[in-house]
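First chain A sits with chain B, and in the next complex the same chain sits with chain C.
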Partner chain A sequence: MRQALVAITVAIAAVPMLLAVAGLPRPGDAQAPVHTHVAARYVAEGARETGAENLVTGVLLNYRALDTFGEVMIIFTALAAVMAVLSSAAPRRPEDDAPGIASAIPISPVVAFIIRLTAPFIAVFGAFVILKGHVSPGGGFQGGVILGALLMLLSLVLGRGLERPLLPVPLARWLQAAGPLAFAAVGMLGLALTGALLGYPAGPDQQLLRELMVIVLELGIGIGGAAIILGLFLEMRGD
Partner chain B sequence: MSQAFDLVMLALLIAMALAVARSKDLVAAAIIFSGYSLIMCLLWQHRGAPDVAMTEAAIGAGVTTILVLLAIGRTRRREK
Partner chain C sequence: MAGLWGNIDYAAFVVLFCIGLYIIIAKQNLIKKLLGLNIMETAVFAFIVTSGMVDGGTAPIVGAGATGPFASPLPHALILTGIVVAVSITALALSLIIEIYRQCGTIEADELKGAE
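Let's turn to the complex of A and B:
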């Protein structure tokens, strides 16, 4: 009975989806709506208009900056939600599951040595990905996650939990809000310069300003992302 | 050649998705899902989306796996 219900549900969901996919234009079709609408303008003018040679970054932080503002707020809200839920949750009950995975196994010296050895390289790579995101693949989200993963590894190796975090708590709170703060600052600057929130000055001699605004956003997203990932990790480990 | 790569990767994706769904050991499921993200990352790169590929490798294969493992550590390891 249950299996039949599952099969019917899957069929109801899958048949319209497959029909819709069958109606899509072929990949690479030059007449597809996605290529005839705004994409042509982005490809032709994007690098000049946005101050970002990487068109993905151009769309993300200039043409669709308001959407990205929303994304950054989502990540920030996720951390706030995790903190709120875990601070009100019941303390961990070890008898639920005898072989606990989080804390039972000490870090092996080999792993600790490798992490310490590669940490500076990972840090440089993360910073590079954040700062080069407007010219090459990468950007604040990717570089921020790389830095956040590094902070996670270092917390593990150095044995730093919530009671002795890598960053002092008040500083960490500000860094976790870096993404929304950077968007608010750049957005208000755009409002002052062009009259539109997150507007970018359009003059041909303001290329440098446009590029700087993109870099400030990337830095905010990257630093905020790294701090939020570390925060999530510490909160969820909870020891 | 390019098509063959896509087909092999897609077959692997389906196999791993089924393995995740069928596994009763949640730690094993989390690790297989990390492998799923890694293959997805290769596919993104192959389809010419390096930005998405980097995000998938860092978030999908890395951070998400750790967060899922931590969540399992706070609850139960085996699905009932």
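Let's turn to the complex of A and C:
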């Protein structure tokens, strides 16, 4: 009864949304505002202005770098909040102290061997996606997630929990802040060079400098993302 | 009605969005509610990314030899930001659910009402 009521409510809520999408330009229409507003300039000038042939990276790290600065701060703050919530000193219920699933079922040696075997290749692939993110598909976030997944796998296989983490804790703290730190450094460099926070020098002979700034940001996002994902995993897994 | 048929891709995302909304309202388990929220987020992301595509277009990577038309890079960049924020929300919500389970011993919303 209750579920039928909810279904009817949701169906009623869908009607205005369907009417709204019916009035939108057809997807794929080259004359839609999404292609004629700022995107036309990004496609025409983006590679020269941002130093990134991958225009998504160019928009993310140059035209809208301040948004991305906020984004890395959000994920960093999320990690801080998760740590604050899960490490609160509230007494744990005694019945929850039974050994978790992770330690109750040992990992199959076949799985452990395969993960150890493929780990270097995954790491190289992640580094490639981060470093080539400005000229080919990929980027800091994508490569960071690949590296973070690798660190999670290795933590599981090697049995490293919160007690004995894969990365030493002081190092991990700095790596988790790598994204905001890289943005602060590049932002200050832009401030010194152009007078605007996260400003990129516009001269035609400074293409290399623009590319270097993009790569530093990508590295910061990638390494920071990997460390934050590992941190989230370790906090939620417990010890 | 003709407009809706032409935008049938968008209509599919509305359906996906409503599935997520239904899960959030109808299910009592907090993890399932969070899954519903993620389904809603996915619908919004797919909707905005789809709006950036163009007929016969390729990915917006303008290396040597690449010819247009290119898909609009702006929706992709915005949604990349959105996905990271969604991950942050999911992580924080999961940690809160873990803490609720530690404190109250249940993650069913209707049982939590009586637990106070």
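Of note:
Following the convention adopted for this analysis, the second predicted complex is superposed on the first by the 216 of 239 C-alpha atoms of A that agree within 3 Å, B and C clash if a C-alpha of one lies under 4 Å from a C-alpha of the other, contacts with A are read in each partner's own complex, and residues count from 1 in each chain.
Criterion: a residue touches a chain if its C-beta (ideal position, glycine included) is under 8 Å from a C-beta of that chain, and two chains touch if they have at least 3 such contacts.
Treat the numbers as computed from the prediction; the structure is a model and nothing was measured.
With both structures placed on the common chain, the touch criterion links A:Thr9 to chain C but leaves chain B unconnected.
Of the two partner chains placed by the overlay, only chain C lies in contact with A:Ala78; chain B stays clear of it. Legend: residue contacts after superposition of the two complexes on their common chain; A:Val56 is shown touching both chain B and chain C.
Of the two partner chains, chain B and chain C are each touched by A:Phe141. Once chain A of one complex is fitted onto chain A of the other, the partner contacts of A:Leu232 extend to both chain B and chain C. Comparing chain B with chain C, the partner in contact with more residues of chain A is C.
Once chain A of one complex is fitted onto chain A of the other, the partner contacts of A:Val129 are limited to chain B, with no touch recorded for chain C.
Of the two partner chains, neither chain B nor chain C is touched by A:Ser108.
Looking at the shared chain after the overlay, A:Leu24 reaches chain C, while chain B stays out of its contact range.
Common to the chain B and chain C contact sets on chain A are residues 54, 56, 92, 96, 137, 139, 141, 232, 236. Taken in their complex, chain C has these residues touching chain A: 1, 3-4, 6-7, 9-11, 13-15, 17-18, 21-22, 25-26, 50-55, 57, 59-63, 68-70, 72-77, 80-81, 83-85, 87-89, 91-92, 94-96, 98-99, 101-103, 105. Only residues 2-3, 6-7, 9-11, 13-14, 17-18, 21-24, 26-30, 32, 34-35, 38-39, 42-43, 46-47, 53-56, 58-60, 64, 67-68, 71, 74-75, 77-79, 81-82, 85-86, 88, 90, 92-93, 96, 135-137, 139, 141, 232, 235-236 of chain A touch chain C when the two sit together in their complex. Considering their complex, residues 54, 56-57, 92, 96-97, 99-103, 129, 137-139, 141-142, 145-146, 148-149, 152, 229, 232-233, 236-238 of chain A touch chain B. Residue ranges of chain B in contact with chain A, taken from their complex: 27, 50-51, 53-55, 58-59, 62-63, 66-67, 69-78.
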